[in-house]
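See below for the structure under consideration.
Going in written order, the chains are labelled A, B, C, D, E and F, and every chain counts its residues from 1.
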Amino acid sequence: MVYLTRKEHFNAAHQLHNYDWSDEKNIEVFGKCANKNFHGHNFDLFVTVKGKPNPETGFVMNAHILSKLMKQEVVARLDHKNLNLDVPEFTGLMLSTEIVVQQIWKWLQPHIASNACQLHCIKLYETENIYVEYFGE
Amino acid sequence: MVYLTRKEHFNAAHQLHNYDWSDEKNIEVFGKCANKNFHGHNFDLFVTVKGKPNPETGFVMNAHILSKLMKQEVVARLDHKNLNLDVPEFTGLMLSTEIVVQQIWKWLQPHIASNACQLHCIKLYETENIYVEYFGE
Amino acid sequence: MVYLTRKEHFNAAHQLHNYDWSDEKNIEVFGKCANKNFHGHNFDLFVTVKGKPNPETGFVMNAHILSKLMKQEVVARLDHKNLNLDVPEFTGLMLSTEIVVQQIWKWLQPHIASNACQLHCIKLYETENIYVEYFGE
Amino acid sequence: MVYLTRKEHFNAAHQLHNYDWSDEKNIEVFGKCANKNFHGHNFDLFVTVKGKPNPETGFVMNAHILSKLMKQEVVARLDHKNLNLDVPEFTGLMLSTEIVVQQIWKWLQPHIASNACQLHCIKLYETENIYVEYFGE
Amino acid sequence: MVYLTRKEHFNAAHQLHNYDWSDEKNIEVFGKCANKNFHGHNFDLFVTVKGKPNPETGFVMNAHILSKLMKQEVVARLDHKNLNLDVPEFTGLMLSTEIVVQQIWKWLQPHIASNACQLHCIKLYETENIYVEYFGE
Amino acid sequence: MVYLTRKEHFNAAHQLHNYDWSDEKNIEVFGKCANKNFHGHNFDLFVTVKGKPNPETGFVMNAHILSKLMKQEVVARLDHKNLNLDVPEFTGLMLSTEIVVQQIWKWLQPHIASNACQLHCIKLYETENIYVEYFGE
């Protein structure tokens, strides 16, 4: 079993806002992340797949195909977007990075499964000081 | 003459939009950066000052004072803000990074001048692949 | 189960010295790390917690609270300190990074447990080329 | 159980080429990585060992000894080499990074085992955007 | 005057070899960099242009156009290539990084000049520890 | 004229202390950097030389020779040392990074001058957020 990781990135705006709460409570819990006019980040996305290398190619998965899948399934949906306003799957949700990685898993998992290896981890950096990881369960 | 550089950062949303142009022209020139709902970045700010080290402290300028000035004059105004909507100095302007560095110079320059050294350069990273520098003229 | 990691840093002096050994043996085993006058590092600390995201906040744990805990329990004790001389818990100990991460676990674990998620990993970079990880057992 | 990781690096040329395939098929599958005249990378190698810290040294393993082993067993064989032409163990093989990490495990594992701790992971960055990990099985 | 810098990268094989010298002298001067079978690097290229921001766009130069020029004029010629064998402009030359940056200037300069701003600097990282800069004279 | 930069690093302890001042005044001006028991850093040193590439080697200066000079003249003096106690040139001085870069210039300049190129800049990172540059006057 060998693990292959590929990095892509996207730049997006978002806000942390619980629509069931008052503005005051949102600011109390989320602080400046609750700014109504949004703020934004350069998100770095690392996707790890695992499997047995194919004897003909030496690859767990062709890294160029993994890159294309990440661009098609994730970057195309999120890059230069407002995560709260522009992404149907996120409408009305609390948009913590924890929620975003679980959705990225849902977008990617069916495509990885069809490439004879398994999706292992979605890792998403919000800043260089904060990142979140999800392993599918 | 010795040069001292200090890094701070802020996370913000913005869009590139010329209010005198049609939406079509904005998209033609600025591409996905013209998204009406904004996108965002983790901005890294490097400020360089220059001077002769003070014989008592060995400092061109106390780096903690420089850090405080950057937080007070720049980070407090821009962090977790929407650059187009939340910053009075930017209202109605084309918000390229080139414009932002010139405004940061204006905010910081009077404070640096009063510390017996000179402001030398404002360097702002929009992403790890794009940065802009301004030397005051 | 989602994993959240937060980075903080501290700058400290230390030396590697076994007080039961002769100076010669200390130098033989630890080389220049045994310098009697100390050397130092910029330590980067990554703390990972894991749990189920809270449905109201979307958070495994509020990253600002995690940051505050790391500053209060670790950075306040170690930043700009001499690890051998200034930290009561380290008096008389061999101060390898392996020992430091286990003590950081002890400082942080009670506080994380009370936040409805679990401490998962303490990762400490001594330089960009050496780091140590501890998972609590 | 504590985990210690050490980084070393090497610069090497290679190509992706299955010798049982036509040139056309190699280009179809491997793209520009199949260039007959080779291309190259700055490879960053991270080796992780695990064990119980020795009470006399505080070390899972002396990081200087780990560094020397990595230089002697890996860097000396691969640095400033052509992986396809200069390394006997790689002759005639598909030289994906997946294959390289498994060979590095074979070179290092006997030496780590004799140091009272276990080899845990070989992690190899081909570029800053692609890396591969191997845990020995 | 504002300065804009854009980063792109390419991966390539090369060797340092003076064709007028014996193999022994090449190895004496260039060491392992003279390996006949080549070695390689991940090259990071930073191109800086300078000018007065255009009042309509706020840009010294559109960073996407700069990126496209760098890809078209430099990356397309050098990425996944053998610098000694695959690049007509380098045939028979000593291929130090110093020579490469001067050629990159020649490829880019005519295109930048036609965009109402000036080429200022070509900066090329061979590894994270060595880089070369050229300012056109 | 081409510019070549080489990076080396050293780890050292130091304190900021003006011996003509009371302890109270030292703490007032230098804060926690005045800790009597020292603190420390991983210092990253970048040395830039400039000159006309030699037609036989293509080099402004052989980067391996520059690396050796930096190790012999700077790293051997400062690595794993206490800058206040172990370095004769620093005895009794205010040990700001501004002072250190000027001394590094003095150590390196005679050796660079004898290699047919000129020393251009000493750049020293104290942390990833603070660095100082000196150009010789």
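Heads up, the rule we're going with is that contacts are C-beta pairs under 8 Å (C-beta built on N, C-alpha and C of every residue); 3 or more make two chains touch, one makes a residue touch a chain.
Owing to the predicted nature of the structure, the values given are computational and were not obtained by experimental measurement.
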- Note on the structure: By label, the chains that touch subunit A as well as subunit E are B, D
- Task: Spell out the chains that contact subunit B while also contacting subunit E.
- Result: F
- Greatest Cα-centre separation from subunit F belongs to chain A
- Chain centre separation in whole Å, for subunit F relative to subunit A (CA means): 42
- Task: Can you check how far apart subunit D and subunit F are, centre to centre, with Cα atoms defining each centre and the answer in Å?
- Result: 34
- Distance in whole angstrom between the CA centres of subunit E and subunit F is 29
- Residues of subunit F whose C-beta touches two or more other chains: 128
- Message: Tell me the shape of the graph of touching chains, choosing from line, ring, star, complete and other.
- Response: other
- Query: Pairs of chains that touch, anyone?
  - Reply: A-B, A-C, A-D, B-E, B-F, C-D, C-F, D-E, E-F
- Message: Show me the residue ranges of subunit E that touch subunit D in the complex, using the header's touch definition.
- Response: 9, 11-14, 32-33, 35, 37-42, 79-82, 85-86, 127-128
- subunit D contacts subunit A in the complex at 16, 18, 20, 29-31, 93-99, 101-102, 128-135, 137
- Message: Under the definition above, what is the set of subunit B residues touching subunit F in their complex?
- Response: 1-8, 53, 55-60, 62-64
